[in-house]
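Across the two complexes that follow, subunit A remains constant while its partner is subunit B and subsequently subunit C.
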Partner chain A sequence: MNLFISQVSAIVWKDFTIEFKTRELFSAMFIFALLVILIFIFSVNLSVVEASEVGPGILWVAFLFSGTIGLNRSFALEKENGCLMALMLMPADRTAIYFGKLISNFVFLTIMELFILPLFMIFFNIDLLEHLFPLLIVIFLGTLGFCALGTLLSSLASNLKTREIMLPILLYPLLVPIVIAVVRMTGQVLAGEPLSEMMNWIGLTASFDIIYIGVSIMTIDHILEE
Partner chain B sequence: MVDSQTSQPSNPVIEVRKLRKEFGVLKALDGISFNLERGEFLSVFGPNGAGKTTLIKILSGLTRPSSGTARVAGFEVEGGHPEMRREIGVISHSTALYGDLTPLENLIFFGKMYGLGRLKELALTALEDVGLAPRRHDPVRTFSRGMIQRLSIARAILHDPSILFLDEPFTGLDIQASNVLKENLITLHNKKRTILMTTHDVSCGLEMCDKVALQVMGRFAFFEDVEGINKDKFEEMYFDAVRDKQFAMGIRHS
Partner chain C sequence: MMSSDAVEENEEESSILVWMTGLAFLAAIIAIFIYVPTERTEGVVQRIMYFHIPSAWLSFFAFFVVFICSILFLWKKEREWDIYAHASAEIGVIFCSLVLITGPIWARPIWGAWWVWDARLTSTLILWIIYVAYLMLRAQSEAGSMRARYAAVLGIVGFLDIPLIHFSVLWWRAFHPQPKVISSEGIGKGMEIGMLATLGISLCAFTLLYFLLMGVRVRQEKLKDEIDRLKRETLYSS
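What follows is the complex of A and B.
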């Protein structure tokens, strides 16, 4: 168990060290998310529609699309120079590789989301501070599900020449339940409803998070093996 | 085809029996059998596409064989037992290093993955052994091919494996880098590491090894102790093999 934790933390440490040096991933994700929000700002007439009605969908589109950039990069980094092969040769449970990548992806995306939220608040003139705690819970659940499934599919797509195309094609349809749930919950949070009013959606999202992680644990060994 | 089981070693570290690997209609390995004892060094020569890399991938547990068995360090390779993986070090065509990290960071990362202690000290010693200690803080992507190959060796032996698989380690190296690599391999051989190396460099391969194999079309067409092998004759035979892959159907001895 100690070795497992040590391996997971080593992968996270390695991903953070590389990102700290290159700043490739964060800047790409952040700029993309910002552009998505800006495009929607100019295409939606906020004097006609309520910002709290269209805002949640726009926010999650920005999060998920920019997150996909991060996921594509996640295992591509390991494929470069055959590093994944070296990881496969380690005396490790291969779920350690999955959890290491999952934590890295989750933290990168969460940091990016935390940078985007204030800008979203300014552009849409929505006071998020009032609803910050429930909003963060919704973001946590949605981001976890996205990263859990995305990390698995990213490892699968990394073996394909067309991985940049295949990842979203595989990922988005399977994410539909979580996307619907988090957009609905975000809307309810912005409308000032308490979390207790959306327990069904929270339960649904948490269940899918668990299912995605469970399926990943069961299949990652076969996916990583040639 | 040569059956290399005729001289049965007492306690083989690597034990391969009728190993086959097929990719559709292509037979990458076609019934290879051989044994290697502890501390033995086998050089495997063969033309491109002979299945040498596939052999190393199967022995290191990265690919499953279609049929046949292989045991490495007492473990079945199929499924890649973690204890088996702890016993092996692999140097392949790809460097298996992160270009944005420094050599020290690379070795510390891989050391953590092996669960090693006193990592910084260990990594520094490994870098000194391969002559890269002065460049320990430079990003690996700024290194020459030879330096990267030396760092790959440091990575592969960091956890002190008893068995090494080297897939054409001399490819792309200049004479100086080749000599450094050769010295490193001789040192490892002297330390009783069991080594299986694929190479196209006949002089180098014959100079260091105890046993020689010539792999053609997925088979060992030749498998002998290096003693008594005439280098010129072997070279001629190897060139024949490269020229004509049908060589695999014949049996040659020096």
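What follows is the complex of A and C.
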């Protein structure tokens, strides 16, 4: 077990070192999320529509779109110079590669989200601080589900010729339950409802997370195979 | 390689299936257009239901077959299961498209709108997109073990998403007519007996059609493999 953890943390550490050195991914994800929010602000008339009604949807679209950039990069980076092959030659279980990638995708996306939240608060004039704790739980569950399925499909799409196109096409329809659930929950949380009122959505999101982490553990061996 | 005996036997079997499917469809069409009484409130347009529900059943069944064959493929790694999954996904997408076409034709006069964002309509549309993406993935990658493995993973992931999609859109909204055939009052209580019989015949006809199409598609794919093999053989021997 200790060996597995050290293998996973080695992969996470590698991704972080690359990111600290290049600073490519984080800035791209952050600016892209900001752009998505801006485009939505131009496309809905906020003087007519209530900001708290469209806000959660816009926030999550921004998270998911910029998260897709991160996912695309995650395995595409490894394709350069045959790094993925080297990772697979590593005397470790393939699930260690999956978990390493899952954790680094999850951490990058979460940090980006934490930077976006204050801007969202200012742009939409919604007070998040009041409901910060339940909101963070919703963001945690949603982001984990997105990364669990996204990392699996990103490892799959990275071997296709048209990987940037295929990843969203494969991923978005499967993400529908998570998108509906997190947007609903975020809306309700911002309206001041306690988490205990939305146990069905929490259950749905948590089962999505568990199902897809489980499926990934079982199928990653068949994807990372040469 | 298929021996000539096996081919003959196959042809015999499939010709019986062709006749059975043909007769079942003849019976279904007679039942739908002549035998079954017109529904009182909805009128003649209600008859489209006898195509709509069987198509929906067939597409769900086809996607379930994709799921099972995908698991079997990853387990056994035999090309056979990959062919079955591929053929079944194609048939499923075709009939799912028919569901999405016949539904609005009925909805326009009854609901007064081609489309509403009801739970069942939404989940059928998402299902259709998932399996179109599945076929795109197959089209994008070259034939071989990689394509088969990736498609199998997507076949499993996609099918497991169905219950989650179902509940999420159900809690999101619902207007579709409640199920009448299998309802809380028991099987077949919500419907007049003639209508139920017609629906039954139609369901049988569509199910037979599924197996017929499956057989044709699987045979075609196997012949394609055979041609590829023969081509390679002649290429290397000359």
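Simple rule for what comes next: the second predicted complex is superposed on the first by the 226 of 226 C-alpha atoms of A that agree within 3 Å, B and C clash if a C-alpha of one lies under 4 Å from a C-alpha of the other, contacts with A are read in each partner's own complex, and residues count from 1 in each chain.
Everything that follows uses one rule, which is that a residue touches a chain if its C-beta (ideal position, glycine included) is under 8 Å from a C-beta of that chain, and two chains touch if they have at least 3 such contacts.
Because the structure is predicted, anything quoted here is derived from the model rather than measured.
Engineer: On the A-aligned overlay, A:G57 touches which partner chain: subunit B = first, subunit C = second, or both, or neither?
Structural biologist: Once the two structures are laid over each other on A, A:G57 reaches no partner at all.
Engineer: For A:C83 in the superposed arrangement: first (subunit B), second (subunit C), both or neither?
Structural biologist: A:C83 sits against subunit B, while subunit C stays out of touch.
Engineer: Of the partners subunit B and subunit C, which touch A:Q7 in the superposed model: first, second, both, neither?
Structural biologist: After superposition on chain A, A:Q7 lies in contact with subunit B alone.
Engineer: Of the residues on subunit A, which ones does subunit B touch that subunit C also touches?
Structural biologist: 225
Engineer: Note which residues of subunit A are touching subunit B in the complex, please.
Structural biologist: Within the complex, subunit A touches subunit B at residues 2-3, 6-7, 9-11, 13-14, 17-18, 21-22, 77, 80-83, 85-93, 225-226.
Engineer: Under the definition above, what is the set of subunit C residues touching subunit A in their complex?
Structural biologist: Residues in contact with subunit A: 74, 126, 129-130, 133, 136-137, 140-141, 146, 149-150, 152-154, 156-158, 160-161, 164-165, 167-169, 171-172.
Engineer: For the complex, which residues does subunit B have touching subunit A?
Structural biologist: Answer in residue numbers: 57, 60-64, 80, 82-83, 85-86, 88, 90, 92-101, 105, 109-110, 112-115, 139, 155.
Engineer: Which residues of subunit A touch subunit C once you look at their complex with the stated criterion?
Structural biologist: Those in contact with subunit C are residues 149, 152-153, 156, 159-162, 166, 169-170, 173-174, 176-177, 180-181, 184, 200-201, 204, 207-208, 211-212, 215, 219, 222-223, 225.
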